[in-house]
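Presented sequentially are two complexes of subunit A, the first with subunit B as partner and the second with subunit C.
And now, the complex of A and B:
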């Protein structure tokens, strides 16, 4: 399905890609059921070709919403303002994304500053009479206070329910102020998975910021779709004579605008980059690099070769690849010895996990289980070279206990019991605290580039050695705290028992 | 810069602040459903949230994690059940989904009390949450509900709604005897105030030292629901702070016939704490000789210790070569703002430069709050402003005349860069405090005041070279 930029509202992941948030089985089975393999689903799952049978139970713990992802993307554009058109509660997220923004700026060597988010602070009477007047006021405040290069507007559950006409205000003010004023429709209730929020931001950027019909082309510029990670791509791509244009977080509006002038677009995780990369190719002819993600030898080799091919730099890539293999191999061999027999578990976002499991297997770590927060049966390009799950299975073999769940802590206990890992790898909050109370330490990958590329394998190996030492702390705490789950539930071997029971009930 | 120029600058700012709009930049509180953290603050209680998929995560991560890295505890954080409302709940209503969630939750979670909190979606589509919850209550499930849609107010409002819900729906009616010397304490907002755990511990410790029995209700020193069940047995309530808790105390006065003592200044330091304890003892009628002896002996012990440390600190305070800041600003919620201002003026002899209260206290309390600042010391009177928008707050600080030396700013993470701009120092004392790790640290009472001195002057000294 091509990307539709005609309307201001992004199509959700489940509409476009058939995204699911509940599944449990072997990785190879999920891969077969996914669109790339055209496995499909039996009749009762509905008509959509890409739909995978999904487990849905009655019990759910707090997830994350699309608006949060808009905050952490559009809200982290350095010279823009994001207006949160909502009651004050949505604005609470400013705290975490400010902290992450500041620390991200610091590790990237950019001037540290607070983010620019403004809440329209809707109250009870606005629920009755509508909130557009407040939105207009906040846009004017944003303009007067910060002279931003663009103003984003995040909608909320509340404005979605009362039906505020955000687009009219945005259009009118865009004309008046002469800068992009961009509505991002990201009501939490509209998508079951938060990654729709990435797409909402990218949709708005594609529609209103990226330069249309650019006069020049920058044939050595590569768009790198990432978050706040340390700058590992500049030295890598410099080997090919390429420059990096990091987007979306911590970019300037001009850096977003020039995306259409670049020679190619890459990412570190298809969950994040799928929509924007496909949109840039479809609308602006900037090729998306269609390759496995840059993790482990196989993935990084193929990724570099494909970038080199797309940007006509093949010779340079082979030389760099050979040098890097030689460079990392001795320490990698040592790490493999040190990590022999260790068991790891990956619980992160979807495509990212596919990459990380590969890196763990390169390090000789046993990975018998993984929890990914959702699964996209296909990415927007629909190109099988991007099938990150198939790449994992083809190169590194089966993952026996492969689970899809949107960060449900109550299921995590049983998941860990299945594989009894020595450590886990996480990104989002909420799972490491439970693992910690079972004596299992976690590696939090705040710097999402930590495991990228050849050096990434060494980085992750060293981090595992560090965290295994942490075990002392975790075993001590495990002996002294109680979990808030009933004993009967902790004995339950199947984390999806309630969902399966519900499904059986509805069949009757 | 000439005096006249400075004056000009000040007046221009006053003008820009007076153009107050709805906009709030760099928020300083959560919304009503943020009171899920007040539930998580009761040992072995678990909030159940009926709202969009991001609300529970958002309130927790910001109020409790990136604010001193306090953590989720037993029943907070990622434990919190949520209906994660979808389009279906918006179109068809979410009552059925909530009922299903509660039922399943009872199978999975181990808690002494569940509190259902609603969000914007539920309150807008008009789910009848009462009829979802009451069948569970009739079955004997310890569960209550509060309607805390974000547009109803901030997490201070939510806190009083939740408190009242637990009292009315769980504690219930009581006609029995009162327990001699037992008091309920209503003070800091859990989690929002970064230091609430240590501070409530110090309040309980000092009140017990004075001879009282204390229902502290929230935090590590609370006995959990048994303490809540004992609320009606208390002889009286103490509201410790300028306004939060007064609504609850008035309700309890009606409901259980309990009088309340309102002490606006949360005590920091020996003088304030001693006055507080004598005041409470007096109100409690601890007038027997042995009671008085106990109180005074506790005070003597605490003051001896306090002043021993202050004596040692005096060398530093009196003769630190490079000088120390003289003026300060406090940007924070009413309770801490007033408490800190009182201590800094009266104990340390610092000069108030700018006081801005950021928790949006209800209008009915504002006049009284202004009065406390007018009488901050016998010989010092100062003004306080009410502002929640950080843009206006920072403009106001930029235009403040802090004299010939840079100020100490008692504020939040939002003021980190501003403090640098003003060449002053920042002590993060309120939400959000994203650059401090806080466990049991307290800044109040006898003991906390000493920690506060360590914190303030370590920051100053460590930044000096």
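And now, the complex of A and C:
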């Protein structure tokens, strides 16, 4: 089904794409079970979403919900305000997201500022009598304090249950204040995976900020959908004579509005960019660049060539690609020597992991296992050129122990025992301490652009060398800590044994 | 294809007032007249559309949600009398969960999957439990769902109170793009004073009566066969009344903001009627004795 912008509420990932958060096996089997490989689909499974047999255990879903992804996207638009229409507890994320936001601004060379997030602080009586009056007050306060160019409203579980009519308040104040006032429906209970929160933000932006029927086109402008990473795309795309429009994080409202004027949209991670890129193509005719993601030689070559094709700059791309191959190969060869025989493990978001495993294989690192936090059997465009998992397998071969799981420490132990890596690569750092206790150092990829492109291979190689240099420190930690698990669990080979027992029980 | 405007109507009324009976007869009359109609039952009991399907219950949208990780809303659409589409929102067992959230979820699932456009409908009729007790039950009257609300009421004061409450809900949402009031469908009207009470109420609240429907044994007989009156007794006088009502709803274009009575006004209004009713009662007794 195409993206439906008629309703204020976004469809969840599991509804649109058939997203799962529990699976264990070979990467090639997961790829075969995914929608891209299956081709046709019977009437029952909808146009896009396909059903993968999901492992459902008693402890499957990790913390982090859709609302937090709205905080770290809509909340990061520089001249907007995000109102959290929720009890105050949903606001705890403001602390961490403020630090990430400030760091991101500093890295990008933008003026450092604090987040503009306001909580409506709903109390018992608001649950009983409704919270829209408080919301209206908060919108007015936001307007007075910050004179924003747009106001986003994040809903919460609480307002979703009582059915607060957020839309009508938003419509009324949008008219009165003359700026977009955008409800984002991100109730945590609506989706088991947080990435629905990316989609909720992007849905609101597509509906209410992106300029409809733009008067001009900017033929050299490319929308780059990202988070807070360092600016690696400007120099890359400048080689093709293209300018970068970074969205959504750290963009201004005007930069979001001009997305419809761009020549194309690209991403570096389909988990993040799937919805917005597909929506821009469907509703505004801005082509989405459908290619493997820009990791390793194969991915980066194809990604650049496709951008060049879409924007009519083929010649420039070939020249740049050849120069870059030439430039990085000598050091890459040295890194391969230095990293020979090392084993790595990737534990990050879904599409992103597909890219990183490729980079590790380019570096000659053995990768026998990976944990991704969810899996989308298809992305919104449904175009097989975006099948990042198949790209990985076709270009870099099998990953024997490929696991989909939502950051469960108790499972991570057995996962690491299977492959005994020398280091792990991680985002969402919560799993790093467990690895450290096992003597395994972690590379926390705070800058998500670190491994992108040709230079990204070298960057990641250097980071591995850095982290292996403090292997001894981690071994010392391992020698002095005890894990909190029972012996029986430490001996357990199957991290999903509880899920399999639950499944067997329900079949009886 | 699918570009025509779908007329969306919500029908509210107190439980037991004949809401589903009347709604199903309106749907039946509209399909009979050649329109494509979908009736959307918004009551956790999930029995709104029974008489359109020979008394049969259908699995509700929320039943599907209970069973499946993802819901294909097509599986909740069933066809009944002359091809009328039937959907039940469904909901939790009495005493548990949140029926209001159930309505929000069910309506969103259908809207997100563009079902109404896909079926190329002329009419969507929401049959909603009338006591608008929370935000969920108000969903059909909000912006972007129904444009017109009709409320069913008898001359019974409790039913009128429920109608008055609904008017308050409509007024709340009226300046926020919500649905407006088309009028009152007066049900079980078998005497002049029933008619007078309803007429007086609509006058005070600045709305109108769309149709007066008498209580009729034909309706009961049809219901017991699991059918609408239109289907079971198409030539009856009652079926004619339902057809006339459906015609008026089809022709209806302009709804208004009602002026609900406040608590004090409602109390005074009903006690003034109580005095009159006692007087009427006395007169009939005197007449009976005299005869």
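One rule holds for everything that comes next: the second predicted complex is superposed on the first by the 494 of 508 C-alpha atoms of A that agree within 3 Å, B and C clash if a C-alpha of one lies under 4 Å from a C-alpha of the other, contacts with A are read in each partner's own complex, and residues count from 1 in each chain.
Just so we're on the same page, contacts are C-beta pairs under 8 Å (C-beta built on N, C-alpha and C of every residue); 3 or more make two chains touch, one makes a residue touch a chain.
Just so you know, these numbers come straight off a predicted model, no measurement behind them.
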Considering only touches as defined above, state whether A:14 meets subunit B (first), subunit C (second), both or neither.
second
Counting residues of subunit A in contact, which comes out ahead: subunit B or subunit C?
B
Which holds for A:161: it touches subunit B only (first), subunit C only (second), both, or neither?
both
By the touch definition at the top of the document, which applies to A:312: first (subunit B), second (subunit C), both, or neither?
neither
Give one of first, second, both or neither to describe whether A:234 is in contact with subunit B, with subunit C, with both, or with none.
neither
Would you sort A:96 into first (subunit B), second (subunit C), both or neither based on which partner it touches?
first
First, second, both or neither for A:54, with subunit B first and subunit C second:
second
Figure out whether A:147 sits in contact with subunit B (first) or subunit C (second), or with both, or with neither.
neither
Intersection of the subunit A residues that touch subunit B with those that touch subunit C:
160-162
In their complex, what parts of subunit C are in touch with subunit A?
69-72, 75, 98, 100-101, 104, 108-109, 111-114, 134-136, 138-139, 142-144, 173, 175-178
Over in the complex, which subunit A residues touch subunit B? Could you list them?
57-68, 86-96, 98-99, 112-114, 116-124, 126-127, 134, 137-138, 141-142, 145, 156-158, 160-162, 187-190, 192, 194, 407, 409-410, 429-431, 433-434, 482-489, 498
Show which residues of subunit B lie in contact with subunit A when the two form their complex.
21-27, 29-34, 44, 46, 49, 51-63, 65-67, 71-72, 74-75, 77-87, 89-90, 100-101, 103-105, 107-111, 119-121, 124-125, 149-154, 391, 413-414, 416-417, 431-432, 434
Touching residues of subunit A toward subunit C in the complex: what are they?
1, 4, 6-9, 11, 14-15, 18, 44-46, 49, 51, 54, 130, 160-165, 167-169, 171-172
